[in-house]
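Here the chain labels run A, B, C, D and E in written order, and each chain numbers its own residues starting at 1.
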Amino acid sequence: MTPDLIYGAAGLAVFGIGLWGAIALQDRMRRLLGLKLCSVGAGFVLIVGAWREPPAAPDPMPHALVITGIVVMLSATAAALALIRRLHDLEDADDRP
Amino acid sequence: MTGPDWLTLSIILPLFGAVAAFILPRAAAGLGLTTVAATTLCVLMMADQVAALGAVTVPLGGWGAPLGIELRADGLSVAMLALTGMVGLLVSVSAIDAFAGDRTARQRQYFWPLWLLLLSGLNGVYLGTDLFNLYVMIEIIALAAVGLTVLGGTREALRAGLDYVYASILGALLFLLGVGLIYLQLGRLDFAGVIAAPPSAAMTAALAVMFVGLALKTALFPLHVWLPAAHANAAAPASALLSGLVVKGALYIVLRLAGYMPALTEDILTLIGLMGAGAVIWGGIQALRAERLKLLVAWSTVAQIGLIFVALARAGERGLSDSWKAAALLILAHGIAKAAMFLAAGRIKDEIGHDRIRDLDRSPIRPTLAQVTFALAAISLIGLPPSLGFIGKWQLMEGAMMAGYWHWVAITMIGTLFSVAYFSRVLAGFLRFDRVRGGPLAEHHGWSGADAAPLILASAAVLLGLAAGPIIAFIDLGAGGAMP
Amino acid sequence: MSDALLLFDLLLALAVVAIAAAALLVRDAFAMIVLFVVFGLLSALAWVRLAAPDVALAEAAIGTGLTGALLLKTLHHLRARGMAGWQPGAVAQRPVPRAVAWLNAGLALAVMAGLGVAILGSPLRVTGLEIAVAEAMPLSGVENPVTAVLLNFRAYDTLMEVVVLLSAVIVVWQIERGAGPAPAPSLGPVWQGFARLTLPAAALVGVYVLWAGAEAPGGAFQGGAMLAAIGLMMLLTGLYRPHPDHRGLARLLFVLGTVAFAATALLVAGGGRASFEYPPSYAKTLILLIEALVTISIAVTLTALFHGREPVALKGDLRHDP
Amino acid sequence: MTAIISMVLIGAGTLFFLAGTIGLLRFPDLHCQLHALTKADGLGLTLIGLGAALLAGSAGDVARIALICAFAALSGATCGHLIARHARRGNSEARDV
Amino acid sequence: MTESATLLILILLTSLGAAPVIFALPESAARLRTAINLTMATIKVALVGWLALEVGQGARHGLSFAILPGLEFRLQADPLAILFIALSAVLWLITTIYSVGYLERGPHRARFFGFFSLCVGATVGVALAGNLFTFLVFYELLTLATYPLVIHRGTAEALRAGRIYLIYTLAGGLVLLLGTLGLWVLAGTTDFVAGGIMADVAAAQPLAAQALFVVLILALGVKAALVPLHRWLPIAMVAPAPVSALLHAVAVVKAGAFGIIRVVFEVFGIETVRELGLTMPLAALAAVTILYGSVRAMTQDDIKKRLAYSTVSQVSYITLGVALAGPVAAVGALAHLIHQGLMKITMFMAAGNLAEALGVKRVSQMDGVGRALPGTMLAFSLAALAMIGLPPLAGFVSKWYLAQGGLAVGQDWVIPLLLGSSLLNALYFLPMLHRAWFRDAPEAEAPRPRIGWMLAAPPLVTAALVLAAGLMANAPFSPLEWTRFIVELEYRE
């Protein structure tokens, strides 16, 4: 039972929950949140891959990848949220007589 | 070497173009077109470099494969780059006309930066050899493609764009999870590492997750729900880019991975083939029921992508080393023909005012040039000789016959019949003159300069079949085991 | 002593998973966002436990902070316009039939179980590229290995990441335009005092984090995120109101980082060097120069993403942006 | 010797945090909750900061911890003020918070 | 072998190249369009003549370039190809004149003539194809080029006919693709070689070879209008007269028959087909088609439908000749390819004139037509008599050789079949002639309608050709002589 096993399992669980959220939920912002959870889950898997027994330093490569992943996920979220806002305005404009 | 190599240039040049087009919105069209032309020139220079030296590898930052990232141009990647360049150039020319009016000033301003970012992303995918780098490139393509999908600004386009965003983010994240798991196994992320990897359960699981992600991005049958609405509701040049080029990026990665996957056993290939067959049949049925022209063309994309996956699975595991060439040919043929068809559909919609298939024959205006382009593109998509599509299908069926997989031959035939059925719905509409309402029939009325680009593309799709020999020889360059 | 930490790890892992599930299942949207922020911070803490400080900093600042701010802004936008007391159930989409919901849950579970089994069956802690990175460190020009990987060994990846950010802002500006919603209410004198004191300090910290990136955890993205936080504060409190005339400058700042990075990558090429290959002697200065410009770009881009629309005065729009 | 004192200080600080959280959960209306949070957590944080400062090695670390405590207290107070001000203005949304 | 490919490319270009130019011309430039059409047609006839001369002296022009490793796009001008090209080139010239006159004021003429020359280009391609792959390419191009012509009028009925036509021919094309692939997989090459390439494969896997033969004959049978697959031909008669004249009597139908000849002679080789025991079923199928076609023709009141059914039966003479697997029968078959073309085109053009000038579309309305349009009806009668097989005329020559061929190979049943079918021909042609000449027009003497020389002359010219083909059968360059030359080459290997 080392930290990387614990967090590895947690990461996969978070990815699973996010995947379920992205597929099953109907509401737009929740699905986006599900995707963000998947992204954090994938981040967990990579960071767990980098962890080494304490005296040894962890492998820096996955750390850089996850930082890139986080920024990429933020960009995608920002675009999706802009779409949600705009779509809401359009639908709102149509519903109101 | 005296300066930056052609490979980096072909990725960074469109980037500078996009930046310039974004900063100077008024000059966007001019800048955009020159950049696309310059990039295509880069690709041509790279092509003869590859023709001379075989595969060309550029270690970015000078750090070599596992640590740094390498760009590699071999036959297949340059063929895809050439496809992107050629189709891109002609779509750009057609886009200049499509967004010329003042009503579409905003779309003109934003089309070019997004398209050039897309071009940079695509070139990056075709030249990249690092899995995580491919993930970042896929994201650039996804974002630019979403931007292009919602360029029209209508509610349907936005709703389709949102579904597209969800599908492409989920696909990319599944791909990222696969990359993470592979790093967990091998400790390195470049193609050479993946090839050398001993087959293990974890490796299969990782590659399976990546494949599901890519299937979601290429809209393979069960995961195709987002594609028709997104491609049908986009503006004409945008949907030409989406259907013609964007889908090809993910297909290329599937092709690359299929080439190296140690774990691609017989039953996985049959599963992929079945999904492809499902796409061919379901796409065909939906295309027959489609009300609008662009929706029909979008559903035919779903069917053609299914056929490409059938081509991959046509000869089982033994034939895989040859099947990817048939798939590559079909990808090239579909790219050219589908871009031409979407541009033609856009032209027809502009001239006639609507694109309801049932009323195509009611309008007095007959943009015959656009209709001829549509017909030529249909010839290549159906796979009639001498088109490139025909040669692709020929190779598919030949491989399947040699390996004795008759069911794939049957699927291809069914696909062809379906495509004949739904394309003749449209062609009959073009050639019917007895229900014309509102004004005299004007046969030559709808002609304009904007038809030139789609016509060139469509006739290229039909006539390139004769040049299939050199194309296949080129695709073979540097491929096979030599891959580092 | 170490098993106490193990207990802490277990608790933290359980908390992370529980809050993730809670965030998706809670009915009220605002509570969902709050839970998400808590989830983000806890996962950042988990990453600190996994000896990944840089990533924890990035996750806390960008992954949780900014994403949370964006979510809150969108929620405010949706609530202000029409959907009061907005519950997921109330949304017009047809509810998912129970069978499909369970099918999806089963599918997600199966995928995860399969992956878990496959992973556990394989050797963990395969030696990755840490040796290669360690050997190449002296040539990289910086001491912090993560920054070395980000800005030297895989500089091409980072350039493309900045491009992703740029394309995001282009897409957002293309989707939304015109005047923003009603301007934020003024927050009274206490806030002005607080702002006058903390915002400059925050700017200082941001620059410090950028500078420290060379030796210690930190760097362009974390520093950029902090400076973006200042931008957000100024937007929220009306200290800065986006104006159509500022668009030209804004576009320049967006592309600044990308252009700098790409230009350097191409200029260093030639004379036996591939692109992105900085001459070792100039590596540190080049990296810091690029990092600084990229940070500015990131800060402005993230603020623009939060503002969420191109500040252009639409002819038909009555409420011209003040 | 200093270790024991810092352990005591950190223990006290945690107790104050506990008190603050219980206050948050138990108190009836918004203002009381705000009161509990800002006061208890502020004090708790300072005590923990003091304890950590004792354990800290160099003067630089002590200075950093001091800065952290100062800014945390400052922002805690301001946030409390803003929420209260927002509630006092009787804004309809306040009740949803 | 590939002395000068330029001649072949030029022949192809005269029609394939002309099509885009004609498409681009605006509708009003009628004179320019006609000029282009006529010049191109005459150049083609001249080129074909020159090619025929050279091939006569043993030269073999060819052109081939590889499309896939081992798969070539090959054109070659062997005597058999020359036979078919000569027919289509000459008749294209005549039909162009006729259609210019016929479509005087009609709409969409640019589109019509564009696809018209595309069709002939495809037909020439079919003839020149050096292997089954190239044959398939032009076979499909022919389908695509004829579809717009069939639905030229653009009415709902035309479109319905067009859809049926497309279904049949494209399905045939698909089956041919399957057959070509099978050949490529079994024999490794799809080249047309005198004497056939399937000999050893047939020995090794007789069953696969038989299956392949059935698939190929099925595919080609669609266009050659063999019985179960002939339904599209009468339905396609909704097309304007020049289209039914050139295409459905000459180009499309003959392409199918030509394909069967190529497959039997140059893919399988006549001996292999006999060994596989496939000659008898093919001959039987041809015989059934001959009788069925004639019987159906009798019941048709619409002139063009009657001629269509007669075409169905006449084309099967060629298949019969090929199936009889004897040199003499082969001569009869190939000669009939030419003669039937000449005869049928005359009759279709005459029918077109009747419809155009007098509005006579049905046999029952043909009373006294002879006096109204003496020239046209003279040509029609001559062709009809030749079709029935009157001794000095072309029809008799080919039937005579077919009979001789049947006897030579011991298939005695051929004689009664030919006599019976000639009788049936008489039964559906003579009433038409009787009505035309010996019945006077129902209402008062209608003013003699004037039709332009462009409509009147072509039937007479083709009728003269029919006469010439019959009388001067043994002249040096007559069709019969040329077929003897081909068959002699074919059977020498």
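As a convention for this text, a contact is a pair of C-beta atoms (placed from the backbone, for glycine too) under 8 Å apart; a residue touches a chain by one contact, two chains touch by 3 or more.
Computed from a predicted model, the values in this text were never measured in an experiment.
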Where chain C and chain E overlap in contact partners, by chain label: B
Farthest-lying chain, centroid of Cα atoms versus that of chain D: E
Chain pair showing more contacts of the two, A-C and C-D: A-C
Chain closest to the assembly centre - both centres taken as Cα means: B
Reference chain C; chain at largest CA-centroid distance: E
Chain C and chain D: spacing of chain centres that average the CA atoms, whole Å: 27
Euclidean distance of C-alpha centroids - chain A vs chain E, Å: 69
Distance between chain centroids, defined by C-alpha means - chain B, chain E (Å): 43
Centre-of-Cα separation between chain C and chain B, whole angstrom: 31
Shared-contact residues (touching 2 or more other chains) in chain A: 15, 18-19, 23, 39, 48-49, 59, 61-62, 65, 68, 72-73, 75-76, 79, 83-84, 86
Touching two or more other chains - residue numbers and ranges from chain B: 132, 136, 139, 143, 146-147, 150, 158, 177, 181, 183-184, 187
Touching two or more other chains - residues of chain D: none
Every chain pair in contact, whichever chains are involved: A-B, A-C, B-C, B-E, C-D
Residues of chain C that touch chain A when the two form their complex: 5-6, 9-10, 13-14, 16-17, 20-21, 23-24, 29, 32, 36, 39-40, 43, 46-47, 49-52, 54-55, 58-59, 62-63, 66-67, 70-71, 73-75, 77-78, 81-83, 88, 91, 93-96, 100-101, 104-105, 107-109, 111-112, 115-116, 119, 124-125, 127-130, 133, 145-146, 148-150, 154, 157-158, 161, 164-165, 167-169, 171-172, 175-176, 219, 221, 298, 302, 305, 308-309
Residue ranges of chain A touching chain B (in the complex, touch as defined): 15, 18-19, 22-23, 28, 31-32, 35, 38-39, 41-42, 45-46, 48-49, 59, 61-62, 65, 68-69, 72-73, 75-76, 79-80, 83-84, 86-87, 90-91, 94
Chain B residues within the chain A interface of the complex: 132, 135-136, 139, 142-143, 146-147, 150, 155, 158-159, 161-162, 165-166, 169-170, 172-173, 176-177, 179-181, 183-184, 187
Parts of chain C lying in touch with chain B, wherever the complex brings them together: 111, 114-115, 117-119, 121-122, 124, 126-129, 132-133, 136, 152-157, 160-161, 163-164, 166-168, 170-171, 173-175, 177, 248, 251-252, 254-255, 258-259, 262, 265-266, 269-270, 272-278
Chain B-facing residues of chain E, complex: 23, 26-27, 65-69, 71, 73, 107-108, 110-111, 136-137, 140-141, 144, 148, 151, 153-156, 159, 162-163, 166, 170-171, 173-174, 177-178, 181-182, 184-185
